[in-house]
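We just call them A, B, C, D and E in the order they show up, numbering each chain from 1.
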Amino acid sequence: MLKINDINVYYGAIHAIKGISLEVKEGEIITLIGANGAGKSTILKTISGLLRSKTGDILFNNKSLHSMAAQDIVRSGICHIPEGRRIFANMSVLENLELGCFLQKDKAAIKKNMEHVFEKFPRLKERISQSAGTLSGGEQQMLAIGRGMMSRPKLMLLDEPSMGLAPLLVKEIFSIIKEINEAGTTILLVEQNANMALSIANYAYVLETGKIVLKGPTAELAESEDLKKAYLGG
Amino acid sequence: MEHMQIFFQQLINGISLGSIYALIALGYTMVYGIIKLINFAHGDIYMVGAYVGFFAITKLNMSFIPALVASMLFCALLGIVIERMAYKPLRNATRIAALITAIGVSLFLEYGGILIVSPQPRAFPDVFPMSKLTFFDGKVYMTNQQIVIFLVAIILMILLQYIVHRTKIGKAMRAVSYDQDAALLMGINVNTTISATFAIGSALAGAAGVLVGIYYTSISPLMGIIPGLKAFVAAVLGGIGSIPGAAVGGLLMGVIEAMVSGYWSSTLRDAVAFGILILILIIKPTGIFGKNIREKV
Amino acid sequence: MKLNKKIAFLLVLVLLTTIAAGCGGTKTEAPKEVLIGANFELSGNVATFGISIMNAMEMAITEINAQGGVLGLPLKMVKSDNKSDAAESTNVATKLITQDKVIALLGPVTSTNVLAAAPVAMQYKIPLLTPTGTAAKVTVGDDGKTKEYIFRNCFIDPFQGQVGANFAVNTLKAKTAALFIEKNSDYAKGLGEVFKANFTKLGGTIVSEEAFVTEDKDFRATLTKINATKPDVIYVPSYYEQDGLIAKQARELGYTNPILGADGWDSGKLLEIAGAVALQKVYFTNHYSAFSTDPKVSKFVNDYKTKFGSVPDALAALGYDSTYMIADAIKRAGAADPAKITAALATTKGFVGVTGTVTMDDKHNPIKSAVILSFDKDGNQIFVESVNP
Amino acid sequence: MKKMMNKHTIITIIVLILLYGSVQASILLETINPFYQLNLILICINIILAVSLNLINGFTGQFSIGHAGFMAIGAYTSAIMTVKLGQSFPLAILAGAVAAAIVGFLIGLPTLRLKGDYLAIATLGFGEIIKVLFVNFEYVGGASGFHGIPHITTWTWVFFIALFTVVFIRNFIDSSHGRACISIREDEIAAETMGINTTKYKVMAFTIGAFFAGTAGALFAHYFYILQPSNFGFLRSVDYLVMVVLGGLGSITGSILAAIALTILNAALQSVAELRMVIYSLLLIVIMIFRPQGLMGNKEFSLKMFKRLGRGEKHGSVGNR
Amino acid sequence: MALLAIGNLNMAFGGLNALTNFNLELNSGELVGLIGPNGAGKTTVFNILTGVYAPTAGTIIFNDENITGLKPYIITQRGIARTFQNIRLFSNLSVLDNVRIAYHPNVKYGVASAVTRIPSFHIEEDALTQKAIDFLKIFSLEDKMYEIAKNLPYGQQRRLEIARALATQPKLLLLDEPAAGMNPQETHDLMNLIKWIRSQFNLTILLIEHDMSLVMGACERMYVLDYGIVIAHGNPTEIKANPRVIEAYLGEEVPNAKNQ
């Protein structure tokens, strides 16, 4: 479904992504794990068009995303839920959700999507007209995911959904991610919380300073001592 | 009682002037909110609006409402053209370069205007017969024009509020001004949204131009400079980037000016206006409705 | 730090100097035309007046040349923009005299700018005629001596202010008056002071003195304040754009007594700006009446209308007359010689223009009669009375 | 000392003497057209203003657009000194400069906490307030202007004061104090962690800039006979800002070149009045779009640049030290 | 005697507690690591230490002096220097000037001497430049002296930032993610450099770092921060084995992970 071929991404002088290739198959949950600054978020940003790779290509359903405008990437069915949630704090919950399906013109479809989101996150429905900035951290994360779901994406890029959340909430969020996946959305998940990510993903790539150092089915990786090394040093 | 009457008369004078400032200030605040540019040419768009209204009424024999709409449409288009041609190439340049470009556009409109329509002031035709409402045994007046200005300003502000909060493009505008990257991820076309912001802001300035033409009857190519600066002060006063802030700031500015002229000296009015600006900047740079943003270290 | 960057810059300067010196060389070919410099406010805040005068002057030049020019040569006007700025006026005067080698200067419009250009004319002994610089000190130095090369073709403030005050007291029977003065205009300030002095001398009281600045459009706040003092007359000696707005806004605010002004009120635009209703009981002193039956005046008014589509205002008429006055002086001097032209200007006597018959007095001020005009129900100018100096 | 007396210094001094001498000689011999003379003087005054504004905007990175206000204070103060108080010209210049510096200091102290656009607007406001105060100050003629100022400014005065200004600011910039200012432009937070009192240096740059603007104002006042508050409006500040930006923020030679070029352009366009401002404004827009860093960027102009260009090298770090 | 003692530091931004009762002590000559997941509050500690923020509560005693809430430039002059997570060089200036600016607080000549170029100016300026050049030699940057800082390769920019911080002659050096964006070889070299400068300049160093190989290899002690609270401190071996640390980094052990 998504194929990344040998991309190199720079932030000014910093060579952030050094020749990474990976693949996401339809219906799976793929996770990118690794310590801070490894380049996980950079990969997601490059897929969704916020950053551009210097070399290499990204194919989504065999179409190159490289020179596609960000809104066309969204239109093609990719939705990126960025790190730190990036909800529109100055707007209401409802408005945030509406923005999530900005490109959708069919009012009935929007209504259906919204019901679907409220089904998953009843708490958002209770706070529908509340300003998003006043939500708690967990609710904001739910809103960010809900907003992403509104566009009915084929592929969802999730960046650090557990960040700053209490353990109980993290579990809740992850079970919802699993449900979204089971309902047919492919997911590319970036997480620092490796154990949690490994628990729901099918396949994982471990990144270290812009390179893939380890990859494999999650069951194998969870056992591996190398994983701990990648995080806590050798 | 005499004093009260004078006070109310000054208040009416101030609110009329303030409604015009508010309409101009809205454009400033919207543009600043979305691309962080002080659009110095905004006051001159208001001037262009006055001229479009003038020609629409005198040459095309339009009545008030069609002329107002024509002027707003023309200014919206002008705003888009200016943004695309002059500001877009500089979106990633330094602030000072963008500001100088804006000053360049402003001078271009002013003196291009002189070339095209001559520097002579034009007399705006009387659209409404002169009549007035009186209060306090006829001691306090409110003219037709003042009522029209106030009503049109209110209607436009309600309309703007509707656009910004209820329509798709309005939501896109708010999203882009809050977080451009996140807006991109929603599939919002940032360029289109910025153009729309310029269009709406410029249309409001165009409307203000027509209203001023009716109110003062005299329009000239350099008429935009001073109201432009004052409206900017109003926008800062209200909290730049905030739409209700611009409206309140504009009204406040008009009333303050009327009071300074009425109770002190009209020649000190500009000094007071800029004095307020500086005080606001130093004491509460975010204005009345603005929000604080901390620099990330 | 290397200093060679400075060398390069200096080389540029040297180059510039050389060019400057080179161009400074004298030209000795026979003149093909008689050059007059026009130093006017073509941009900046009083560009309106500069351009208006310029139009009338260009019309006059065309007419003069059609009649054979002066001294057998066509008259040519070299125009330059002083940006409505005093320093630029000096700059432009210098350029016109030393670069373009004009033999006489016309302009600027405002007293301030004339005062800035005058020293240059004095230094190079080139006659300067301002059509509109009304401040007394324009032609007379601080030492009380008349400036040899500086002339004007308009009333000075004391005369017009006095005429206004007399009219207010004697004809309008006003006991109290309010002054509303344009603060950044020498013209308005000068008139205001003279009016005040004469009005008080004649037994009247000034009940309110307010000011505004040229850029103002909204006078309602101050007018509300003036209105509260209930004056018998408001004296507003400014230019028509502000005057029109003031009249209109004063009437809106319920002021019904007379408004008195000066020649700055004379413009076809006034009626459009103020509307006929507001112009009732408005009087102003002027150089001429565009509705005069004098054939010379009506020809000028008609020609101007044909060319520019509007009735010429007093400024245009003065610019037109000034051009003829210079041409007349050159003819009488008999040579394109600044000294002789200066002498001829100083002895101007009985020169007939559209603004009246002019004789230059020993202070280089024209002696001519003033008129007082008002408006009829439709806002057309009507003649009230004529005042001789 | 021996460091200063290298070959370049000697050549520079010789060129300066030649330049000054040739102009002065042609003035004395009356072979130079007074209009060119006037523009040479104007160029020098504009150089003082542009270079001093560059210290604030270009080197210290503080966005000020109220320079005409300081110029006005210098101009009026010096004119009061000569006209009203009968003092000598040098004393008048000094008084004008010091008065402008004091006002610069007083304004700078509270406003320099502001950043970017906000600072720009605050300085614009101050410039306008200064203008309005002079309008209401009848002692100096109010709005109609201050008349009867003697014509004392000569080529000798402006040449040496402009030279002094350039040398002063160049020497200041090329010292530890100047580097402290530049570090604020580059990164204010990093500058503070280098132990630099950023407030002190911002105010210092602002005060020095105002000082020289005041000097230029004094020279200006005593050349043009008359002062009017409206001469010192927002547009005049913009003129100098444009010189600085056009020449390149942080390039002294850039400011000098831009001051020369724009003064000449202004003189050349005088006869096409109606088009002058249109051309000027279009030029501004086009230059900003295609070269937002100005003609020189933050580089200094030098003959070496030509040599390098001749050899087809890139001029990566020319003169930037 | 501790060189630095931070007592019960609290920091709140709006309603959010970025730091809660943070305590830390550094002895002279130590190299200590400050680690923790993203957003744990590490950089906030640095910002408070260097005076960028004033803490909501708590005291900082440095060298027997209370420096809480002092202005940044004064704190630097007292002897605390730092580098930044996202390098903050004077990027349009030469490498040499970057270091010379750091010497500024020690410059004795005034503005008047600078402008008039009296001999004492040249003497001091030459001495200062020489000192800066000598310093650059230590960091093998002397051949890049006239290079514009932003044109340096990334690794050298990092090194220059450290050099510049050291030029302020600090007693305590705070390094904020010095290895970020570096490759393993560069990281390795940096580790050696840090160890070396510590002994060479008789420094105390506090280090924020995500690259665990660097932290574990270089630091004697470390503090682990999570949600603004110190969850552990001790030597590298202790930290590596600490279950709370592992949980903070890798997340809670999920027992049924293998069932997927």
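A few remarks follow.
Everything below uses one rule, namely that a contact is a pair of C-beta atoms (placed from the backbone, for glycine too) under 8 Å apart; a residue touches a chain by one contact, two chains touch by 3 or more.
Nothing here was measured: the structure is a model prediction, and the numbers come from that model.
Shared contact partners of chain A and chain D, listed by label, are B, E. Most remote chain with respect to chain D, judged by CA-atom centres, is A.
Chain centres here are means of the Cα atoms, and by that rule the chain farthest away from chain B is E. Measuring from the averaged C-alpha position of chain B to that of chain D gives a distance of 34 Å. Separation between the centroids of chain C and chain D, computed from CA atoms only, is 35 Å.
Chain centres here are Cα means. That of chain B falls 49 Å from that of chain E.
Taken residue by residue, chain B touches two or more other chains at 111, 114, 265, 267, 270, 297, whereas all remaining positions touch fewer.
Within chain E, contacts with two or more other chains are made by residues 52, 84. Multi-chain contact residues of chain D (touching two or more other chains): 135-136, 143, 189, 274, 276-277, 321. Chain C meets chain B in the complex at residues 43, 45, 47-48, 51-52, 183, 210-213, 215-222, 224-225, 228, 241, 244-245, 248, 252-254, 269, 271-275, 277.
Residues 48-50, 69-71, 74-75, 79-82, 86-91, 95, 98-100, 102-103, 147, 151 of chain A touch chain B in their complex.
Of all residues in chain A, only 13-16, 35-37, 160, 162-164, 167, 170, 191-202, 209, 218-219, 222-223, 228, 231-234 touch chain E in the complex they form. Every residue of chain E that touches chain D in the complex is listed here, in rising order: 50-52, 71-73, 76-77, 81-82, 84, 88-94, 96-97, 100-105, 107, 109, 111, 114-117, 119, 121-122, 125-126, 128, 146-148, 151, 164-165, 168.
Contact residues of chain C toward chain D in the complex are 1-14, 16-17, 20-21, 23-24, 42-43, 45, 78-81, 84-87, 90-92, 94-95, 97-99, 111-112, 115-116, 118-119, 124, 135, 137, 142, 183-186, 189, 213.
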